[in-house]
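Each of the next two complexes has subunit A plus one other chain: subunit B in the first, subunit C in the second.
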Partner chain A sequence: MTEGVTLKKYRFDRNQLVIPYLIYLLLFVVMPLLVVIYYGFTDDKGRISFANFAAFFTNSKMMGTLVYSLIIAITVTVICLLLAYPVAYILAKGEYARKHAFLMVFVLPMWINFTLRITALKEILTLLEGNLAYHPFMNTVICMVYDFLPFMIMPLFNSLTKLDQSMIEAGYDLGASFKQVLFKIILPLSVPGIISGVTMVFLPAMTNYVVLDMIYNSTYIMGSLIGSYFNSYDWNNGSIISAILLMLIGLVTIFTDKILSRNENREVRI
Partner chain B sequence: MIVLRRMSVAVLLAAAVLPVLLTGCGNEESDEIVLRVCNWEEYIDEGDWGEDELIELDDGSRIIGENNMIQDFEDWYYEEYGEKVEVRYSTFGTNEELYNQITIGDVYDLACPSEYMIMKMMREGMLVPFSEGFKNASAENNYYSNGLSPYISSVFNSLSIDGEPLGKYAAGYMWGTNGLLYNPEEVSDEEAAHWDMLLNKDYFRRITIKDSVRESYFVAAAMYYYDEITDPDFKNSPDYHERLTEMINRTDPETVKAVEDILVEVKDNVYSFETDAGKADMVTGKVVANVQWSGDAVYSMDQADEDGLSLCYSNPEEGTNLWFDGWVMLKNGLEQDERKQRAAEAFVNFLSRPDNAIRNMYYIGYTSVISGGDSGLIYDYINYNYGADEEEDSVEYNDIGYFFENDTDEANERYTVITTQDQTKRQLYAQYPPKSVVDRSVVMACFDDESNERINRSWTNVRCFDLEKLFK
Partner chain C sequence: MSEAKTIIRLTDVKKTYDGKTYVIEDLSLDINEGEFVTLLGPSGCGKTTILRMIGGFDKPTSGEILLDGSDISALPPNERPVNTVFQKYALFPHLNVYDNIAFGLKLQNLSREETDKKVKEVLELVDLEGFEKRSVTTLSGGQQQRIAIARAVVNEPRVLLLDEPLSALDYKMRKEMQLELKNMHKRLGITFIFVTHDQEEALTMSDKVVVMADGKVQQVGTPEEIYNEPANVFVADFIGESNIFNGVMTGKMKANFAGAEFECVDDYEQGKKIEAVIRPEDVVVVKPGEGQLTGEVTSADFKGTFYITFVQCGQYEMEVHCLDHYKPGTTVGLSVMPDNIHIIPYDMTINNFHGIIDGFVDGKGIYLVFDDFSIFVDAHKLYPFSNVSKGRLVDENGEHIDIHGKEVVAFFQPEDGDMSDDEKAGDVVGRIVSFYYIGDHYSYTIRSDHEIDYVVDDEDLWNQGDKVSVLLPKNRMKYRLV
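Now for the complex of A and B:
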């Protein structure tokens, strides 16, 4: 009897749909993260320690790796942005009957597994350069740009299609040159797209060491450095580097959020 | 509607609970032995050979891998011991991965790590010693004790951790050396006979080296001590091998620093540090030489032969790294279950039966530690692979008696292989190196934690971007 009563009280709430994802989040995102933080701030005997944290910032080789990763990531991101923006703009604003079909062509490479694509690119580059090992940095940048370009085009395309055409026309009507329209109207209004594109490209470019391995760049980036620590059973130092990267990512996100909200305010003022 | 929903919840719950109940019952009722085996990837015969792959030996034996070796073992065990055994087979990619898996809590009964990992596991008390029954060479099914090469056996006994010999806890599987695979059209035999070829500017960006701390450390240490090692007085001293072993295994801060400097130079000269791509890059001709394990060297030479490219293998004169992979039984898997231990030991014995050893060798390209004991199958197999007719431009390859019996002229005579000239520096040489190579082969020790940390840190230094470069 009592069981029936309690069951009757049960009401399905739409909010409960979120439960599966919440369980997933707890098990596979939050828990591992706590484990990483635990290992990052303990020593090999399990005592709480900040030595690993301090070691990261005082070890010149670790800082070297951070700088090298940043240089790669910035170069890749800038090139991706310069290549993707005009394409996304033409696709979004051009008078094409089959806009989305064209977009597909640019995103098509994503359908092929990336290791396969890099292997193909490796052969092409060998043919062009003779020996891949002469230009490890350049090859890394070429491969990463090739790999990440679609991730830049997509968000840019989306934000540029949403851009209000009447604003651009108003700009021209009031006598602005193309340059002025571009820098005063189009670029500022596509900042959200630029930011999401940049985050999609920048962060993977800092850690995707598979590309470096495949293209024979023997210098470590952050991802390979973390891997090397885990390979030598040093979970504490490996974890702290992951945690520090995570904090850097967090800072970047907060920073971009600020820019975004400022940008929204400006839109309201217009 | 509510009723419907309630029913669907019940069905869902039942669906979730049912499998748990079923497997729960299943385990308790059956008396099948479950053996959890963890081995390297592609490191056992998986069967399914084509008919043209049949191996016919001189004594009339016909060896072919029809079924998976695991399945053959299960059938054989049931026939021999009347008990059903189910092998749960899984694989690992690196020794470190295996070790990490086990420390995280994966449970295996039998695993196949390399020598230094075996020693690490011994030191940490993770292993169960093989039983006395297993070591009894006269018992019929004890193919391992009966067929183990006396040379490998002596190496196993010479290595010890806390006073206990390695042979007590490990049964060998495959062994080999570390050397230089090279393209003889580009590189001379003389150049490939020394590790300092890695610094030769003539081959700038045309040589690859292993992306492994231990492998690279060994090579660079041999380069660092070049003058001392090649000194005739040192070479001819009675305790040459002990001194060489000690020298190459030095890990004092000074040596580690010097090795690091050499590796930085090597890094600036080589094509890349590779884990697996080296084989393909040799065959396609992207590189002209490659630091390689003997088994992978054999594989590369076979591949290149198909493309009409002839590659050679050399063990440099300064010294080479002797390695082996061996089966160990894990404490947390066996849990003192005697039936399980018997099955685990039988598994090792089954793999060591000469015909099975040949199947595995054929399939994976590495060299088995089994020399066959009373059975002449292994020697027949070498002849089958590399033997040549007397009329051809043939030579006697007669320095491998040590592997089968002992290092005497009679044994060398008995195990002579009449082969072609080029095989003395190709597959045959790589698979069964002559005594002179074995004499300068050194097993790299399992370093203590402090040395390991020093070496790992130095390796990170080699691989990380040097900030000073920016300001120069």
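Now for the complex of A and C:
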């Protein structure tokens, strides 16, 4: 309404609001990514080379670490899911007056500094086991489960809270026992929650670095392996491992997104 | 009717969620095999709670629910031969139409062929042949509704429960589904228990209507009985439109109300307080002076097949549904045939408050304590022949009367009570739970925090849920010993 003459030359467009974000994305996402890919596919003299890429898949130590990381990530995810599902179910569907307060208690550890939490857990485990070196796999899993459990509970809780109680009642009404209702109705309908929970635990577990570094200073898992290369100024090998992990995670994400969107389409519209 | 067999019997069922307020109070109800029964009432009257208790989703706090004579109130829903059509259908979104309908059948371990056959049959019943492989989310509301019905009836339940199943459909679709449900009921022959707040729906579909309010059954009867012979003013007001007047019997089958004498067909003793119900379509407009009433038309609104005409007869207002248009300002006569007047004896139990005597104070009177209020009354109101001697209450022989702890009932007429929106102005604070119009004023029921109802007449229009205080007519209240 106030389109004066002065405004004719330069008119503010809402689309221009995107500029700061574009700059941010370019500087802190796209550029580093390109740098990683550049280092990954060049040798120490800066020439383009696939040697690092090939080396990753031929180097048994690296492949072993990848497999080990995968096993740890899968174990952590499965344990988190098994622990979190009943908790989330009871919190979401139980008849407690203060279910959100209960939920907070489960999420409370996240409020405490991460380093403090892991250090404390390390001390407890040392007290129990004497020497942590005897059970590296178990200790790694315990620490990661402890660290990631809230990330599994939250999406499951949300998804189970949204689940219409009349669906569950309809299941009983049609003659199903609790077990049948659980496996035929509740579980399938909470798949979106399971997938986002799994994503939120599996990905960080796969690339985690700090947990193991704090307990063992070890290079058993991918995150630590990358760290060790960078610490010895081997940018090329470190970068190619990062790039390969990135691709793997990208594949997993595309895969889960597909399942998720398929599930969302299935929600009842009234 | 005599051979009808009771399939479901509720005996003295009570339900409370918080241990204080009762959603269902001492409800007893018989439902016969093969009947189409509708539970009708305003929202919050407890009709859905009853359905959920029959379905097994809620357990009665006390009382019994019998199916074929055996108590099922402790059985979980999956062990009851009862299926439910849920209000929002509750179809399983991760299953297609076939798997939704076959859900119950698969749990019974039926053979694949038998399951296929039953699903096919029931899809024919709901007119959705060939929909087996469709995803339930791609169906329209009406189609989802049919699938929900199919999923319930395919299990051949003894009783089918329907929880306001048509409320999410648009008007035309709802009309269509009403007829279809009725036909389905005839074909299947199973007992239908249908919950609705829509009185038209209830009258159209049911063999038997159970009108509910406040967790209590108000009336059970055929749609005709409910409409023509309402058991109380609530039913008369809730079902259809009605003119309600306070009055008194003046002779054999004669009643006086709305400022005139009417002949009627209900016989009550002379002098009895009554309430008269007249349906707007039963009032005939005649020449001034010819009917029982004469009045002036105040408004006439066209409603398609008739005019809603309001006629002011002195202080009383009468709603008339007539085919002709009368201009506002016209003077008309109104005539009502005797058999179109329905007389309801006045409910003498309202505004009866139970309390106890707490003591006697010389100069002030007897101190009475009730749930919501306490009051001093003159000793002669309760003990007409008493005297005071040395500050104590004595009878005519001078003997001390032990009054402490004696039960009393206080009573006042609704027209003597008053109400105010100032909570401090009155004696009792409560919320308006219901009201209806009686000829020239409104009758309000106000419920206090102690769940005691106060009925007060008022000329102004208040809203349901309003917080008001009741001014007790202390000088006009009556008291008696129990």
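Observations
As a working rule, the second predicted complex is superposed on the first by the 241 of 270 C-alpha atoms of A that agree within 3 Å, B and C clash if a C-alpha of one lies under 4 Å from a C-alpha of the other, contacts with A are read in each partner's own complex, and residues count from 1 in each chain.
Note that contacts are C-beta pairs under 8 Å (C-beta built on N, C-alpha and C of every residue); 3 or more make two chains touch, one makes a residue touch a chain.
Bear in mind that the values here come from a model prediction, so they are computed numbers and not experimental data.
Shared-chain residue A:111: touches no atom of subunit B or subunit C.
Of the two partner chains placed by the overlay, only subunit C lies in contact with A:189; subunit B stays clear of it. In the overlay built on the shared chain, the residue A:232 is in contact with subunit B alone; subunit C does not reach it. In the superposition on chain A, A:21 makes contact with neither subunit B nor subunit C. Once the two complexes are laid over each other on the shared chain, residue contacts for A:169 go to subunit C alone; subunit B is not touched.
When the two complexes are overlaid on their common chain A, residue A:213 makes contact with subunit B while staying clear of subunit C. Of all residues in subunit A, only 164, 166-167, 169-177, 180, 184-185, 188-189, 191, 263, 265-270 touch subunit C in the complex they form. Looking at the complex, you find that subunit B touches subunit A at residues 2, 5-6, 94, 96, 99-100, 205-206, 211, 213, 267, 270-275, 277, 286, 452-453, 456, 459-461, 463-467, 470. By the touch criterion given at the top, residues 7-8, 12, 60-65, 67-68, 126, 131-134, 213-214, 216-220, 224-225, 228, 230-234 of subunit A touch subunit B in their complex. On subunit C, the positions that touch subunit A within their shared complex are 55-57, 76-78, 82-84, 86-94, 103-104, 107-108, 135-137, 141, 144, 151-152, 155, 168.
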